[in-house]
Amino acid sequence: MTRSILAGLTEFALTALVIVLVILAVLVPVALSQPDPFEVLRLFVLGPFGTIRHMGNILEAATPAMMTGLAATIIFRAGMFNLGVEGSFFLGGLAAAATAVLLPLTGFVATPAAILVGALVGSLACIVPGYLRVRFGASEMVNSLVLNFAFLFAGVYFLNYVLRDPNAGALMSYKLPADFTLDRLLQGTRLHTGVIIAFVACILGGIWLYGTRSGLNVRIVGSSPGFASHLGLASSKLLMQAQVAGGLIAGMAGAIEVLGLYSRFSWTALPGLGWTGITVAILARENPFLVIPAALFLAYLQVGGDMLARNLDVPSEIVGLVTAAILLAVTAAAIFRHPAFLRLIRDIKGQERGA
Amino acid sequence: MAEGPIVSFRQVGKTYPNGTVALTDASFDIRRGSIHAICGENGAGKSTLMKILFGLESPSAGQVFIDGAAADTATPDFAGKHGIGMVHQHFSLVPILTVTENIILGHEPRSSIFIDRTKARRQVVELSERFDLAVDPDARTDTLSVAAQQKVEILKALSRDTRLLILDEPTAVLSPPEIEELFNRLRDLRAAGMTILFISHKLHEVRALAETVTVLRAGKVVGTTPLAEVDDAEITRMVMGRDVDVPRRQRQTTSAPVVLELAKVSTRSHDPADRIEDISLSIRADEIVGIAGVDGSGQRGLVSVLSGLMHPASGSIRLSGADMSRAAAPAWRKAGLAYLPADRYAQGGTASLSLADNAIAGTDGDKALQWGPFLRRGAIRQRVQQMIADYAVRAGGTGERLDSLSGGNAQKLIAARELAGSPKLLIADQPTRGVDVAAAALLHGRIDQAARNGAAVLLITADLDELLRLADRVLVLFNGRIVADLANHAGLTPAALGPYMLGLEKAS
Amino acid sequence: MIEFFQAIADPAVVATVLRVMTPLLLAALGVLISDRAGVLNIGMEGIMLSGALIGVLVSAATANPFLGLFAALIGGGMLGALMALFINGLGTQFIITGIALNMAALAATTLGLFLATGDKGMSGALQSGVLPNIDIPLLGGIPVLGPLLSGHHMLTYVAILAVPTVAIMLARTPFGLHIRAVGSDPKAAAAAGVSRNRVQFHALTLSGVFGGAAGAYLSMGYVSWFAQNMTAGRGFIALAAEVMGMGTAWGTFAAAAVLGIAETVAITMQTKGLPNELMQMIPYIVPAVMLTVYAARRQAKARSNS
Amino acid sequence: AQDKVLLLINGALGDKSFFDSANKGIEEIKAKYGDDVETKVLEIGDDPTGWEPALLEVSEQDWDLIIGGTFSLSETLGTVAEQYPDKKYILFDASLPFEGGAYPNVYAVQYKQNEGSYLGGILAAGLLKSGLPADAGTALGFLGGMDIPVINDFLVGYIAGAQSVTPDVKVSVAYAGSFTDAAKGKELGLAQYRSGVALGFIAASQAGLGQAAAAKETGKFVLGVDSDQEAIFAESDPAIASQVVSSVLKNVDVSLVRAYDLYKEGKLPFGSAETVGLAEGAVGIVETGNYEKLASAETKAAIADAKAKIAAGEIVVPTAFGMDTAAISAIRDAVRP
């Protein structure tokens, strides 16, 4: 296991190198159009590490990305392309807010209860398309894609007709009672206990996937259904387990995001962090341990881009272009399946073995 | 120009991008109008050489001369230009297309912007009549039997003014009568002036068909000789670089208890491969029962009811006395079934997971490997390393992906997993297909060993040598029924089985 | 029942359904071509958005809506081709390539609009062209049927005529055969000398052309300007339509029609005062239900067969 | 010394309404004060998670006055303002709980968009009586971007204004569920026109402009929102412009210039909120262009009268703020055709 982790990390480091090159490729022309080109690069690359607050921003942004990335990883590992993570994230946030607004809980049970409800309700958006696939063989990808929007509108309906604070000037829930919010960790940042949950979740997820019998069985079902039925594994059950687990994690992510950062629930569109999770899962090559650095990296990019847009006359859309280019570069097999690259990875594995 | 060899390889070398050296310095000639066989162990470089000749791969060194002229290799129109057709080792028909569409694919007859479908169909009918290979031009390819698909492959290879036909292990999936028919067709083609390159692992086939043989070993040409000038032992030595001692099963009549018993078992299915009718058979401990039959005669149905993937429509199945008629797959495994499936990657293992994961798959609840829900990594590594050593699997380490192994080594690992413990019933479905001689010998030994340890063994194989070497009793399946139940005595030959397999005779 | 048919035969309702389904149908046919070639065009949304902007900018610059449409088709085709280059040239996954294209297109169209008009919201300041509606002289005269069939947008007719065209293209032409071969088994196709890369390149290019048309319809037919993110998810619904259509052009047509009807129902119901959030769910629930019912049917059939 | 003024846009410029108007206010300030003031406009996107970091960051920089708007941003702005007591903030289109001396460095300004749309309602109902072609239709329409308070504030003012002219006026209400989907807006507009609507109020940004395209196609009419939408199309598409009878204005620019003037004089009441409406010129209705041509003398008189009475407090226009969903549903149901 350590060998594969080391090789994986090397691959990851090299991935990062490619990314830096891509960033430079997109950013250098932009930088040259600015009075101080080096400031552009400095701000984007080093800016996010400039202050505690900015580093806090990275962790804040990485928290939901880690959780949704983990959720997507588990779902994809079971061989399903269920995109319900986005819907689960939204529903999870909504349900946690609803718990906070509607239930008269106080004290230390309040937050866990809201997160639990968020996870349970949120998981629906993954479970429904998953179930329709397992039970009827209907495409989980398309079903989840459209049902995400159906869940969104159902959620907005609920927000408008049940949770809405009529005194607020926008469509928002009532204020979430203080007992339900997550504790802040670091003065001057919004870093909350959710980040710890996210780290722990990724590590537990990795241990489950690689270190337990049911994790192994899920990987088998996901990578070779024929082999799974040869072994007599309960494929449907395992598939559903993964959808439920992924959905619970994604729902929990939404709950944590809302309770950690917001004082009211106000999403009237899909927040997009589920899509981020899918990107993270792919960058991490569907490995829960690598989800952590992948999410941190995307968050770092986001913060760097925000700093550019805020401090210089660089349009914020540049970040969208940079992220798209990075996604392509990182997944370009031409780079990562290149013989020279493969040889390097093999050498590392070989040295480990030799030692 | 019509003189001299049709093809000459000169110092051809091939190193794949991943560093695998598949060929070095290969030089030999192919005589015009001959049937030329190429032999060699798995991975010797046979397919690679043929792909170079067909223009699918470019050589990293050396040159290929066609009609005495150096040829540009690996251009898209290479094969068409030189009149070369190839039947690939792994089928290359598009399953959702019709026979006609498959045959014309890549060189469609046109009228304006459309495919001229009448002309295309006529071409196929003509082709099939000319070469005496009967196919239904309008059938969807994936509805055809393997042998029929093979015919389509050959027609496709012949469809473009072909004068050199390459057949890469064409017999691996065929039954003996089908092989005999194929050989007759190939002889006809040679008579019509075609040059044929024929790859096979089976010596008697090579002998029956070819005039000349080239032996490759580890990417090098060991030699090219007329077959008349060498005997089998000599060729074996050339192929293996050593003599192979084939283990033979000591047949013994035994009064061990009956382990598996099927009484009048039938399934209902539209697919003949899944349909069996009125099958009754019993297998004792330490008995190997071999199933012969043309591919698609019900073997798949038989295996499915015996592994819980399908339930019989009628009849009863007992394993050690317990009724298993409605048992699902997990129950079969729990009751002691071990199963070596024919489709190694789709069913026997999972390509993208590690050797260790593959080796311990399905051992749920094994206390030695598991602590509660957690896997014991150390114990697993030890266990898997032991398996690798016991079965002589050539592998880098337990963390390698299964698909980094060669086919034969993957099969050995899968066998190691299935035969661990002491199974009560072993189903071995084409256990050595595509596996080299040494590995096959090892696997035969392990199957024999499993029987001696008390397993009832059901062996399904297209390789009649293997069947006769291992089986105590041979059942012949035809159209889902058992048409012969023969004790495997010394006089039983493949030729004797042929009539049953073709459904010409019935015995019981 | 009679009332239902009367409502369906109302020319205004038919026109609404046709308007709503036109961009879906064009985009879904584009997705179909790519899907049959084995590279589902997830980037359809981004291609549509780009086509919409290109059409507006070029028609404004040339004062000719047809040049605008032409440019949108070319632009869409080039984006499709670009995806193919990434997928087959650099080996990126098609799903990621599509996600990245959508992301980049949203950013780039906003930037492009800003550079062209100094505005990130909409192109109202530009005098961009509109593609015409077409009255069919003979058809228009027929009572009842005439108003149903005549007077729709040019691209609506194009979309409907594209259905048999794509169906025949797939079934009867060498290109269609190559698409089906490559989509079903690229290795086998390669063995027959049909290059996956080339066929997928052409298929994605053509798919992009359809996407460009769908986008142009939005900005040069529906309305006469480009607005940020004006496709509003239609590219994704087109994906659903294609999957519902089960890989055939006629199936895709049927699916687009069903979605068009669902959206029309949602619109009509809303003006009747039903909660708009619930109405907005209809076009998303319908494909899910249809997909599932169809899959369940197929499964039941497969079961009864064995 | 030079003042440094920063406007934060928690969305994107180019909406042809709200944020563009705020931006215009900054431009006017710059034009008016020239070298005495340095201004900058910063887009911080529509993702709320990014707002607090952005506010914190700019608060650490050397801006004297930081301006931000919308209710959604208000709580974040309040939190940050508390951490930087030396900085001054202007919050527009929302307020904060200033009770007990809280937020002494924040000035908040809100708009009575319901007053503007009350005038719009009078105009619409008046035009329905006379001014529009007789066959145009018998009912009014309303297209909202989303079913949210700011939009519904337009709605209730509009209905009240229309009812003041025609007590049993019918108003067909729809929401696009999006501020950008022009095609959807057009489709909803067509559906409204088909059902007998002659003139629709389009409080839905670009989606609303879709209904303007529908008006052009069907020869029906729209009432624009936020900025003069007749002017947007005057050159690029005169056929649309001719169907825009007028626009209900929400002049954020006016309120910002006014606030800055007061700030310069040292009279801006930090630590409190103001609500500006007709009286301050912060909301209103376009009275040029098509309005001139179409509105009858009687209607113009009614509008002038309403303006005076609203300014004098004689008419109190109802507001959607503080109304619960059921109450708004009841209002919609009461006027459904």
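Order as written gives the chain letters A, B, C and D; numbering starts at 1 within each chain.
Everything below uses one rule, namely that contacts are C-beta pairs under 8 Å (C-beta built on N, C-alpha and C of every residue); 3 or more make two chains touch, one makes a residue touch a chain.
Here the structure is a predicted model, which is why all the values come from computation and not from measurement.
Asks: More contacting C-beta pairs: A-B or A-C?
Replies: A-C
Asks: What is the distance in Å between the mean C-alpha positions of chain A and chain C?
Replies: Going by mean C-alpha positions, chain A sits 30 Å from chain C.
Asks: Determine the centre-to-centre distance between chain A and chain B, using the mean Cα coordinates as centres, and give it in whole Å.
Replies: Roughly 45 Å, centre to centre.
Asks: How many Å are there between the centre of chain B and the centre of chain D, using C-alpha atoms for each centre?
Replies: Roughly 75 Å separates the two chain centres.
Asks: Using the average of all C-alpha atoms in each chain as its centre, how far is it in Å between chain A and chain D?
Replies: Roughly 37 Å, centre to centre.
Asks: Residues of chain B that contact two or more other chains, please.
Replies: Expected reply: no residues.
Asks: Could you say which residues in chain A touch two or more other chains, in rising order?
Replies: 153, 160-161
Asks: What positions in chain D touch 2 or more of the other chains?
Replies: Touching at least two other chains: 147, 177.
Asks: Provide the full list of chain pairs in touch.
Replies: Here the touching chain pairs work out to A-B, A-C, A-D, B-C, C-D.
Asks: Help me check something: in the complex, which residues belonging to chain B touch chain C?
Replies: Of all residues in chain B, those touching chain C are 56, 76-77, 79-80, 86, 88, 91-97, 101-102, 104-108, 110, 113-115, 117, 156, 268-271, 274.
Asks: Hey, which residues of chain C end up touching chain B in the complex?
Replies: 172-174, 177-178, 180-181, 184-185, 187-195, 305-306
Asks: Name, in rising order, each residue of chain A that touches chain C in their complex.
Replies: 81, 129, 132, 135-139, 141-143, 145-147, 149-150, 153-154, 156-157, 160-161, 275, 278-279, 282, 315, 317-321, 323-325, 327-328, 331-335, 337
Asks: Given the complex with chain A, which residues does chain C contribute to the contact?
Replies: 86, 89-93, 95-97, 99-101, 103-104, 106-108, 110-111, 114, 233, 236-237, 239-240, 243-244, 275, 277-278, 280-281, 284-285, 287-288, 291-292, 294-296, 298-299
Asks: What does chain D use to touch chain C in their complex?
Replies: Residues of chain D touching chain C: 12-16, 20, 147, 172-175, 177-178, 180-184, 186-188, 190-192, 194-195, 205-206, 209-210, 213, 232-233, 235-237, 240, 332-333, 336.
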